[in-house]
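Naming follows writing order (A, B, C and D), and every chain is counted from residue 1.
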């Protein structure tokens, strides 16, 4: 086991450690806790990369199978087994990746039970499931050759499988053609969301050809990586042959793609300098034009560096194509723009790492590559006393080394887990700001209601009067509250308690926002710091927490009422819930509870001398006001979306 | 098209009192709205709010709800058939079949289906036009609760006639066309409005072609493609196999040097047309 | 820390598994080993020649093990954390045991320095460890009695929690790992004598001494 | 050419020419860790060793010598340091950062010296709070030292003789063996007028007899005792001429040698198609025999110690005893190899109580007994006799003196040789050291007239011992 492979495996085990932690967080706290997915971005990295990218990357299997078994090009035989193994592991990785993405993962097999063949996704699911079984049968002989399985029954199965290889390969090609293409037709139904540069009626053809090109290049990448890490001898002449075929396929893909744009007349729109057209040009260049061009040159095609560069570019480009279609070019409102959370990357990388480890396991223990049987016992570590290498033999050292890497990475991952990945999705908090007093003049409204007009100080109209501009979440839709008028109606200063139903010590009109701290979510009103400060630090603890040993929580502390008897005002409109001392409801609910309740009550009592539309929303929430506010308070931007649909 | 039940929303009459939202919440006990990260404002459509009022400037209130399209994209997209178009008309969701792939969220032209991202086992949520009430002969809760008659319930032909009557009677007041009449094959929820309602969909002009047709255009080629490629492969295999057998017999007799086959043409890339 | 300990345990168990699989003589007197382990965990009758040192260690271990696990406050934390709870000791007893823990820790260091045999053997960490163990007990005691606590409550609690964590981190790195590994030592010592049948000859092959005259 | 100056014991001259020893030592260490089960134990000990020096309290060598290098924990730490530095990730990192320890020749010499001062009697394992088995570490360290040819010459020569020479450690050719047995048969004839045959190469016998081969030279009475017991209980036993040596010095210094010796024993049993192995009165021979299942696999022949057999027969009443008993005061020494694990402790005591009038116990005894001082093969290294009877044996001498016993029974060839030397060097001349079967011989009633004549202790004493010079010269050169 050479040093490079050792480092690679350690890194992969670290990724597996992180995957383990994120898996627990994902399945314990659901999708919302771990991903940045939203209603506007239902499909994210896991669908874009794991499913669509993974399926394309695993296309090498059927391409090479076709080349060798159908087109009879025997000299590409050494590529068959690694390609089939990559395809098999790729599809299992797709299935596992899907388990993470599905809301109800244990229903993953339902497409077998419920058929809805009008859906492109049904065709994808059916073909993937069938192709997975075909791949398992195609790959089974490699496993059954192992001396471990030479039981008579298994050998019979092995020989049966060997005989049925050709039909299997043909079935594999047919199924691959179907689902590689139908992955493209998934997006035919969303012409309005997918950017015209990517949307086209023949997307399935483009997906299929790009998959074939990618398959050829993936086989090249895989044998180069195997050479680098597993000391596998590279068949340069064969790879250059593949390179030429890939050049042909990628070239035709590029021509077809641009041609399709021209035919649909969209070509002109991509000349503008929007980021979509920039993305389109770079993607097409990376995925097809540059590699195809380079691969046509013989010198590039037959040099390791050239092959590596082109195959890397193609792989990157084709994966970008999948991601563009699934995520980036998929329109969604700005305020819900989607970028995968680090946990989504962790799961993707974790799954890839797990399957590379399994790939290496298969390569080392089964005859996948001709020249890598048992790993050659490399030169033992030098036992010279001054050596700085650990001499512990692999049998003892490797399990410890890998488990250490996994556990250390897992620990780091736990540290970076956001709060909602640990405790479940938590509603976003919207802090509440104080209301402000501003001058204004009541203006008669045509609908009979009294409309309040904001005044600018410079206008200086004498009869203007101060009233409160209540805009808790500063979204630019303030409610104008005529404090004076209410005071007059409720008989001046004795009536403060009606609204100010709980006041802080030595304060008879504590403002609403001081207790109702969050716009929508209940918030605790108990301020521990000030209590500790007032009760002379440590010595004060026992005044509330009598039982010293018990856990110091709200439940075990003495009740607030014992010290604060007089703060609840008798006149209060708000009926006193039992544990009023702890949680104050959301600011919106509190205001509506108090104002709307009172408005409806007074409207019901004497409808005559009370303005009719008192209980209508726009009496207080005046939709037109933001325009004025803009003039007076430019900083308060109206950030309200135009509407959910858009 | 059999005459399905429908809803006509008149935005000029809507005063934004949100009684329909309250009624919908009570009918299905949707609970308090909470500000989730994955949605815009609290009052947007969400898993706890199946219909909402979009507040536009100068007292322009539009009630957003599932359009119950006649040729629904979500029904054709759902691979397990969890979304179904009921004979009566409304599009309903069967949670027991859903596997949570969220394809319906992606395909809905109006972006209506919402997901319970906060739940450990999430399901899709959307307005089902109170299908149980309709089946018992009643009318949806939101319509019952609307004080202004801004949203009315009836058969689609009836309401279309009513809509066109209103447009005709006060020409200046309404936009000339009824929203939802022919768009993507027509929807059961129609709107008459004094201002353009393009903001309800992802893109202003969705065109009149029903969306499922676009997928079916590709999907119906699958069976022929399957046979075609299968046949092609078997044919090629048979041809190549025979030629190699002949070549090997030839080499056995006169033993020329191993001829190198010409470069592979790779998988045939004509694919389907 | 928890993950580290988990890995520690899994690696040890897997190695024991490997040893058993490789051993030539498979019938291992597990019952007898179990008995020996239990006898070692509760060393009754071991106190002999250096009585005083043995007595200190015994009381130290009793105090150090009982207090953290059976303290009412800790159990309340476990209960609110994962809902698990078990009977607790009275706070008075906890205080007494905490004081004995601190005292015996100090005694341990003194005895180690005074006794000629152990002084010759001891490394730096052997002197420091009892002190590190005493810190959470001292800070815990102060947290429990804020009135006598000259420092601020939060600072002391922080020191208490952090020193506890430091202790947990040190487990796999220092001799504290006998907390985790002690039960397996007896088994491992016994298994070491169960040689793999061809160990000797394989070593001979490795060192190229096969077939050479002795 | 005396190579005494390097170590306190003789070493083969070729051992001194070995170059580049640290590298070879590390290579051997890595190979051993790879193939053996020591790795896990060593790793656990390195982590857990609390350095509390409780083992010092139980090591008789340290109690006598009071030198800090004799504390078992310190001696094992020599090997732990090598393991930590070279075989753990942390050790390598520490070395890379702070330089730290590198293995040198002097260090190896110190190890060679230290590890042969310990008799691996494993008394410290019993009292160590962590349960570290320093005997195991000594055993492992000696194997590693053996791989760089640092082996006491006495052990090396014996094993070479056993494996490549005549076939046993005392180089007794088969005719000499037969001659000794005939002599013993005559002895039976005239002493007890009984016809006892030493059966040679009896195919299909139940037991194959493997005494310590030195018994044929030094302990005639024990052999006679064994033969008597077998005769009286007419057990079917035989002595294999192919291999009649139960001694296994491989146990002391190299698993490689031990494996070969044990395999030879098993081969002999298979050759004679016998079913069981009967081990004579020898501690380490019995313990090595207990490793037979390890090396011989599943169908390994069961191992029975002659004392176990005798006790079994005595319980079943198959050994007729005279009504006279041994008069002298008798005490029993537990050989470490069979008593430490608690496997054979009660059987000999019950036999002694049955046949002695005045039996007294040494304290401490059974699993916590003191080592005779010559365990772990150090007994055959005569050049360190002063060390063995001095610091090592002092505690034992005091123990014997405390019981004032005239006869010390010790069912182990090595222990008997060591105890005799301890008694000589510690003014206990009148104490006689015998095997258990020697006493049994005196009390067995063969049912013939002459056997009733009790041979007094003195007559036995001055009976002419067979010539023992042969072995001595062999070891010296």
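The rule we apply is simple: a residue touches a chain if its C-beta (ideal position, glycine included) is under 8 Å from a C-beta of that chain, and two chains touch if they have at least 3 such contacts.
Just so you know, these numbers come straight off a predicted model, no measurement behind them.
*Asks:* Return the chain whose centre of C-alpha atoms lies at maximal distance from the corresponding centre of chain A.
*Replies:* With centres defined by C-alpha atoms, farthest from chain A sits D.
*Asks:* Counting only Cα atoms for the centres, state how far chain A is from chain B in Å.
*Replies:* Centre-to-centre distance between chain A and chain B: 23 Å.
*Asks:* From the C-alpha centre of chain A to that of chain C, how far is it in Å?
*Replies:* Whole-Å distance between the two chain centres: 44.
*Asks:* Between chain B and chain D, what's the gap in Å when you average each chain's C-alpha atoms?
*Replies:* Comparing mean C-alpha positions, chain D is 89 Å from chain B.
*Asks:* Could you state the distance in Å from the CA-based centre of chain A to that of chain D?
*Replies:* So the centroids are 71 Å from each other.
*Asks:* Show the residues in chain D shared as contacts by 2 or more other chains, in ascending order.
*Replies:* Those would be 24, 27, 34, 39, 43.
*Asks:* Can you tell me which residues of chain B touch two or more of the remaining chains?
*Replies:* none
*Asks:* Which residues belonging to chain C are in contact with no fewer than two other chains?
*Replies:* 15, 18
*Asks:* By the touch definition up top, name every chain pair that qualifies.
*Replies:* Result for touching pairs of chains: A-B, A-C, A-D, C-D.
*Asks:* Which residues of chain C touch chain A once you look at their complex with the stated criterion?
*Replies:* Checking each residue of chain C against chain A gives 3-4, 6-7, 10-11, 14-15, 18, 71-73, 76-77, 80, 91, 94, 144-147, 149, 152-153.
*Asks:* Would you pull the chain A residues touching chain B in the complex into a rising list?
*Replies:* Checking each residue of chain A against chain B gives 28-32, 37-40, 42-43, 63, 66-67, 69-73, 75-76, 101-105, 107-108, 110-111, 113-123, 125, 166, 170, 173-174, 177-178, 181-182, 185-186, 188-193, 201, 204-205, 208-209, 212, 215-216, 241-242, 244-246, 248-249, 252, 330-331, 333, 335-336, 424-425, 427-430, 475, 519-521, 616-618, 623-624, 626-627, 640-646.
*Asks:* Where on chain C does chain D make contact in their complex?
*Replies:* 12, 15-16, 18-19, 22-25, 27, 36-37, 40, 43, 46, 48-50, 53-54, 57, 112, 115-118, 120-123, 126, 172-173, 175, 177-178, 181-182, 184-186, 188-189, 191-204, 206-207, 209, 213-214
*Asks:* Report the residues of chain B in contact with chain A in the complex, numbered from low to high.
*Replies:* Those residues of chain B that touch chain A are 15-18, 32-42, 44-46, 52, 54-59, 62, 64, 73, 76-81, 97-103, 105-107, 109-111, 113-115, 117-123, 199-203, 206-207, 211-212, 214-219, 222, 225-226, 229-230, 233-234, 236-237, 240-241, 243-244, 261, 263-267, 269, 271-272.
*Asks:* Tell me, which parts of chain A touch chain D in their complex?
*Replies:* Chain A residues touching chain D: 380-381, 383-393, 395-397, 400-401, 404.
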